[in-house]
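Structures incoming, each one as structure tokens.
Below are two complexes that have chain A in common, paired first with chain B and then with chain C.
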Partner chain A sequence: MPKVTINGKSIDVEAGTSVIKAAQLLDIPIAHYCWHEGLSVAGACRMCLIEVEKNPKLQIACNLPVTEGMIVHTDNEKVRDAVKWSLDFHLINHPLDCPICDQAGECKLQDYYMNYGLYNPEMAERKQKKNKAVSLGDRVVLDQERCILCSRCVRFTNEVTKTYELGIFNRGDRSVLSTFENRPLNNNYSLNTVDICPVGALTSKDFRFKQRVWFLKDFDSVCNGCSTGCNVKISYNNNGVFRVRPRVNKEINGFWMCDEGRDVYKFVNREYRLDQVVERRDDFAGASVKGKPVALALQEIGHKIKDSQKLAVVVTAQYTVEEYEAFFELFSGKLKSTKFYVWVNNEETFESFDGLLLRGDKNPNTNGLIKTMKKFGIKAGLWKDFEAAVVKNEFQLAVVAAPENQNVYPELNSRLATFEKLEDVVWLSSCVNDRFKNFRWQIPMKSYVEKSGTFINFKGVEQKIKASVKIIPDAIDLIQLSAGLSESIGVAR
Partner chain B sequence: MEIKLLTEHYDKPEFVTLKGYQKLGGYEALKKAFKMKPEDIVTEVKNSGLRGRGGAGFSTGMKWSFLPKNNEPRFLLCNADEGEPGTFKDRLMMERAPHQLIEGMIISSFAIQSKKSYIYIRGEYMKSYKIVEKALQEAYDAGLLGKNILGSGFDHDMDVYRGAGAYIVGEETALISSLEGKKGQPKLKPPFPAVQGYLRKPTIVNNVETLAAVTWIITHGAAEYKKIGTEKSAGTKVFSVSGNINKPGVYEVALGYPFKDFLQNECGGMKAGFNFKALIPGGSSCPVLNAEEAMKSTLDYESMGQLGSMLGSGGVIIIDDKQCMVDLLNVLMNFYHHESCGQCTPCREGTGWLNKITGSMLSGRAKMEDVALLDKIARHMLGTTICALSDAAAMPVMSFVTKFKEEFEFYAKERKSKVRGEMVYAESHH
Partner chain C sequence: MSVVKRPSQKAKWYIPGILTGLKITMKHMLFNLTHRKEMMTINYPEEKYQYSDRFKGNHILTVKKDGSLRCTACMLCATYCPAECISIIAAEHDDPAVEKFPISYEIDILRCVFCGFCEEACPVDAIRMGPEHQTAAIAGERFIYDITQLAYRPENKGGVLSKVDDEERHRRGL
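The block that comes next holds the complex of A and B.
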């Protein structure tokens, strides 16, 4: 374990650790563009220049392994001057149009200019002209003039996805980032290149120009797009959620997440959501009545359940462990006669895996559901059992913990017909869909950004999510639902 | 005075062929080498004081001894990507004595126990390529390459590879990238090529002249070689001289030879009507010396180093008083701007910036501050990149602007050349 001293602070690190990593462990910032912990070392941006005592030449911290007794300075005049110049070389041909750049506010050029720059530019020559707004694929746009050629995105497609779409072409200051011929950047991880781009060169078609980033706040969450459970941070403001980006967790997702997972935020925003109770009223000739208070609806449903001898409960694996516990406590613990069914989506591809992160099980909490069912000794049937029972007219009432994200339930529409055969369906769902209008009750549920709880991922890792945004004020979770129903049925929780 | 160790038979056309080469004592060194132990050859080369002739001047024997001592496959690469402006010695050596190079390479490969070597020839050197290719065929036919060479039990294969026209590929790690089929860009060091080079295997890259000199050293012994030259710069060096002199060309002289004598004797002095103004001693990336410094200098690594320049590749560029230093610097900046690989930011952006300023100067748009700015940019490009191309662009700028400041200031102030007068260089070249 060699010991290194950086700016007077010492640390023992494992042999082979780079100086930049050691500095990170000491919370000493070292400016860098091309270095990324999840990628190979390029050593090209020359921003991480540092001084090592007894070495007359400045070294780059990213490619310099720590040796015993090494004494490093990152903040003396010589280093600051060198970094300032490295920064200036990045900026001389870079467009200075931050007000119209989507990266403004989270741009490393801006950040380092404030730290190392604050000078008057001396570049008075014509700037290099390159292409603007180049579409690299379905999700990513490139501005070649803003690109600082750090090659992070190139290394990402070479080393992580191994899809090799990107390259740096031409030489010198005519170098441009681009895709190879007939090879657009359309892999399912393409938006990671936008995340790792330190400047405004690569932007997301989905997010660009939607919000200035200083109007957004981030909170930590776990992706509910599949059973991997990638750690994410979600950007939101009063107008809703705007983007999902990966958070580093070396055990689960490393530095990355898939593009599909980034779309999950869309289904939590108001326009996709069921925002109030919807009730089908026979006395209104089958028309729907909206806006009944949730508590009142739960009371009525409770009475219905109490009276019903033919009750089925259908669950999907999209809810938290805590919710399942409350839910099963009521339906299994208190109302012992209930029959349970698990609705498994994407059955053919359920076990599949793309080799990186994305799994065929498009639910965040399959393991949590299984675990909780075991705890309550529930032996649940599958869809075909439910279907057969419905045909045999075994049920009159079904309570369905329906999917929060209906897009990952491709068979949803074809299965609605089975539910429609029942007299009364209590459809618990966060998403709005015209085809649910035949169900007796639609109860607005919270999405994963609005509730706290636990997801258990495919390999059994428990991860917490936290209620962070309020999007639908009337929405409830299964815990609130179970409490409301218990009260109405008259069983103490 | 010329001392022709390597170039002795260059004037004989038959020296190009295997027969002619053998008649003049060729491939005797190889036979001798096969009787030696490989490590003794390394020691012999180390003792000879031979330093890399490509530009860096690093001890050849020392470089070889950095190879890991194991049985891992290893490669010898001959750097014949002679791209440094002002340098054209390797070309002559390949065109006139291909077998001298091949013999040197077989000996060197035997010394480092490499079974495969490549000659990486600059793409523009079509003639050299054809001659070397033909010579290789001759060597294969005569059993000098392939399996069990001359009954020694040593197997060796050699191939020629043509570059695609990039200057930067003369840098050894960029050469390796190019040979691997990648974009010719320098690689980060460490790891050094001797540890992890071509195809991530231990690799030695040597210049044409260095490898040719190995042949002589094995024939005549290290002691004989060490007698020539100075204490730290042993042996001879082949110089290629250009400029308004009476006898431009390629000359082999002992290291330590006074430049003054070299200019008078070998180069035949300045052409009538031209006066000596400045010297670029070792190819365009070496800092320029003014007349006074040049006349004090001797042609060896130490003297040039003391004067703040470098012996480099031996591409001697003689600058006369009819040349405008601003024009010349712009030519160099065009070159480096064009040739920067674009990997490291200071070089990619800096070479372009420097070039734009020299261009502005020539078209009369420069300001007085630009003279100092040139120097400032260059100083901050120095030593900050993966390879030395950034330095190669920066060093001429710093030396030109410092030593011929009045010419630059005159241009910025009067918007015309101090030397040429009204004629605007940019108009004639762009």
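The block that comes next holds the complex of A and C.
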């Protein structure tokens, strides 16, 4: 294990580690654009220049493996001057687009200019003009002028997705990033190139011009788009949730996440949500009554459950482990005649896997549901059992823990017909749909950004999520629901 | 405690006091009649006082040569505004040279403190503080100024031209 000293701090690292990685372990910042931990080394940007003692010239930290007794300086006058000149060359053709550039505020060019630059540009030549706002595919927009040709995105498509869509064409100051003819950047991981772009060259069509980044706050969460459970950070402000980006977790998702997972934030915003209790009233000619307090509604539902002889409980794998525990404790405890059914979505593609991250099981907590069911000794039926039971007219009442993200339930509309055959349905849902009005009760539920709990992913890794925002004030989770119901049913919890 | 002021002998001599007052009034009236240019007061609703160009009154959104808004919706004014009275919604323009433009630009004039920071923050001379100072209105919603009010109100005579010109900048290679 060679020992390296950087700015007076020593560390033992494995042989073959680069100096920039060793500095990262010591929390010493080294300016860089092209180096990325999840990609190969390119050595293109020349920003990570460092001084190694007994070496006459400056070296690039990303491509220099540590050797025994190496002494490195990253913050002396010589290094700062060299970095300043590297930055000056990067900015020669860079347009002053910051006011309309989405990257402004999290741009490495701005950061390093403030740290190392602070010079007046001395170029007398005109800037090279290239194409602006080039659409690369369904999700990504390229601004060729802003690109500093670090080639991170090219290496990403070559090494991670192995789809080879991007390339750098022409030479010298006419070099541009582009796609090949008739081969747009449409793979399911394309938005990672936007994340790793250190400048504003690649921007996301979905997030473009929605918000300035300094108006947004981030919180850590776990993606609920599929059973992989990628670690994400979600950006939000008072106007809602705006984007999802990956968080580094080498055990689960590495540095990346899929584009499908980035759309998962969309259903949590206020305009797509059920915000109050909706009750179908027969005495008002089947009209819906909105706005009853949740506590009162739960009391009435509790009385109904108490009176009904046979009760069906249908669950989806979109809730947290803690919620399932409270829910099953209530329904498998005293309400012995309850029958449980699991609603599995995407049955044909359930086991599929795209080789990188995305799985066919579009629920975050399938393993958590199975585990909790085992714990309570529940033998649940599948959808066809439920359908058969409904046809036989076995139940009057069904409590349905409905999907939070109804976009990943393509069979939803066809299955609603089965529920509509029942007399009374308690539909626990966070989303709105016109056809839900046929159900007796709709109770607004919290989405995954509003509640705390545990998701268990496909490997069995338990991951905690934390309540971070409040979007619908009246929404409850299954724990609050079980508490409210048990009070009115009279089951001690 | 109550104070009672009894009429004194001196108070009987009120006539000279009235005459002194009348004399001052008459002096000013005669001066104003003969020197009308130097008069301090104006007939307000008909005549209006012209403030200096540095006066910080109601905001103006400037326009480009073709009459469209100069604003690029960078939201620096909204960021800098201490009263948080500016709200902008940005959108993508069809012309790639423009790229970003505001589809909604609203100033809540009742929250505005007329500090002029928006004018200072603007990188493209898109917002200025104008000479008008009357912000009276009847209905509450009239106090939220939108693009029509800020850029194309009758006082602006079809729009105030911005000093920053994109074509000019492009020609200079910026």
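In this text, the second predicted complex is superposed on the first by the 493 of 493 C-alpha atoms of A that agree within 3 Å, B and C clash if a C-alpha of one lies under 4 Å from a C-alpha of the other, contacts with A are read in each partner's own complex, and residues count from 1 in each chain.
Rule of thumb we're sticking to: a contact is a pair of C-beta atoms (placed from the backbone, for glycine too) under 8 Å apart; a residue touches a chain by one contact, two chains touch by 3 or more.
This structure is a prediction, so every number in the text was calculated from the model and none was measured.
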Q.
Taking the superposition on A as described, I'd like to know which of chain B and chain C A:Arg126 touches: first, second, both or neither.
A. both
Q. Of the partners chain B and chain C, which touch A:Asn170 in the superposed model: first, second, both, neither?
A. first
Q) Given the touch rule stated above, what does A:Ala380 touch, chain B (first), chain C (second), both, or neither? A) neither
Q: Figure out whether A:Cys45 sits in contact with chain B (first) or chain C (second), or with both, or with neither.
A: first
Q.
With both complexes superposed on chain A, which partner does A:Leu335 reach: first (chain B), second (chain C), both or neither?
A. neither
**Q.** Touching partner for A:Ile100 - first (chain B), second (chain C), both, neither
**A.** second
(Q) Touch test for A:Phe209: chain B only (first), chain C only (second), both, or neither? (A) second
Q. Which one hits more chain A residues, chain B or chain C?
A. B
Q) Of all the chain A residues, which ones make contact with chain B and with chain C? A) 125-126
Q.
Applying the document's contact rule, which stretches of chain B touch chain A when the two form their complex?
A. 166, 183, 188, 190, 337-346, 348-353, 356-357, 360, 367, 373, 376, 380, 383-386
Q) Tell me, which parts of chain C touch chain A in their complex? A) 72-76, 79, 90-92, 96-97, 99-100, 123-124, 172-174
**Q.** Complex contact set, residues of chain A against chain B
**A.** 41-47, 49, 57-58, 63, 81-82, 85-86, 89-90, 92-93, 122-126, 128, 148-149, 168, 170-175
Q: Write out the stretch or stretches of chain A touching chain C in their complex.
A: 95-96, 98-100, 104, 125-127, 131-133, 208-210, 212, 214-215
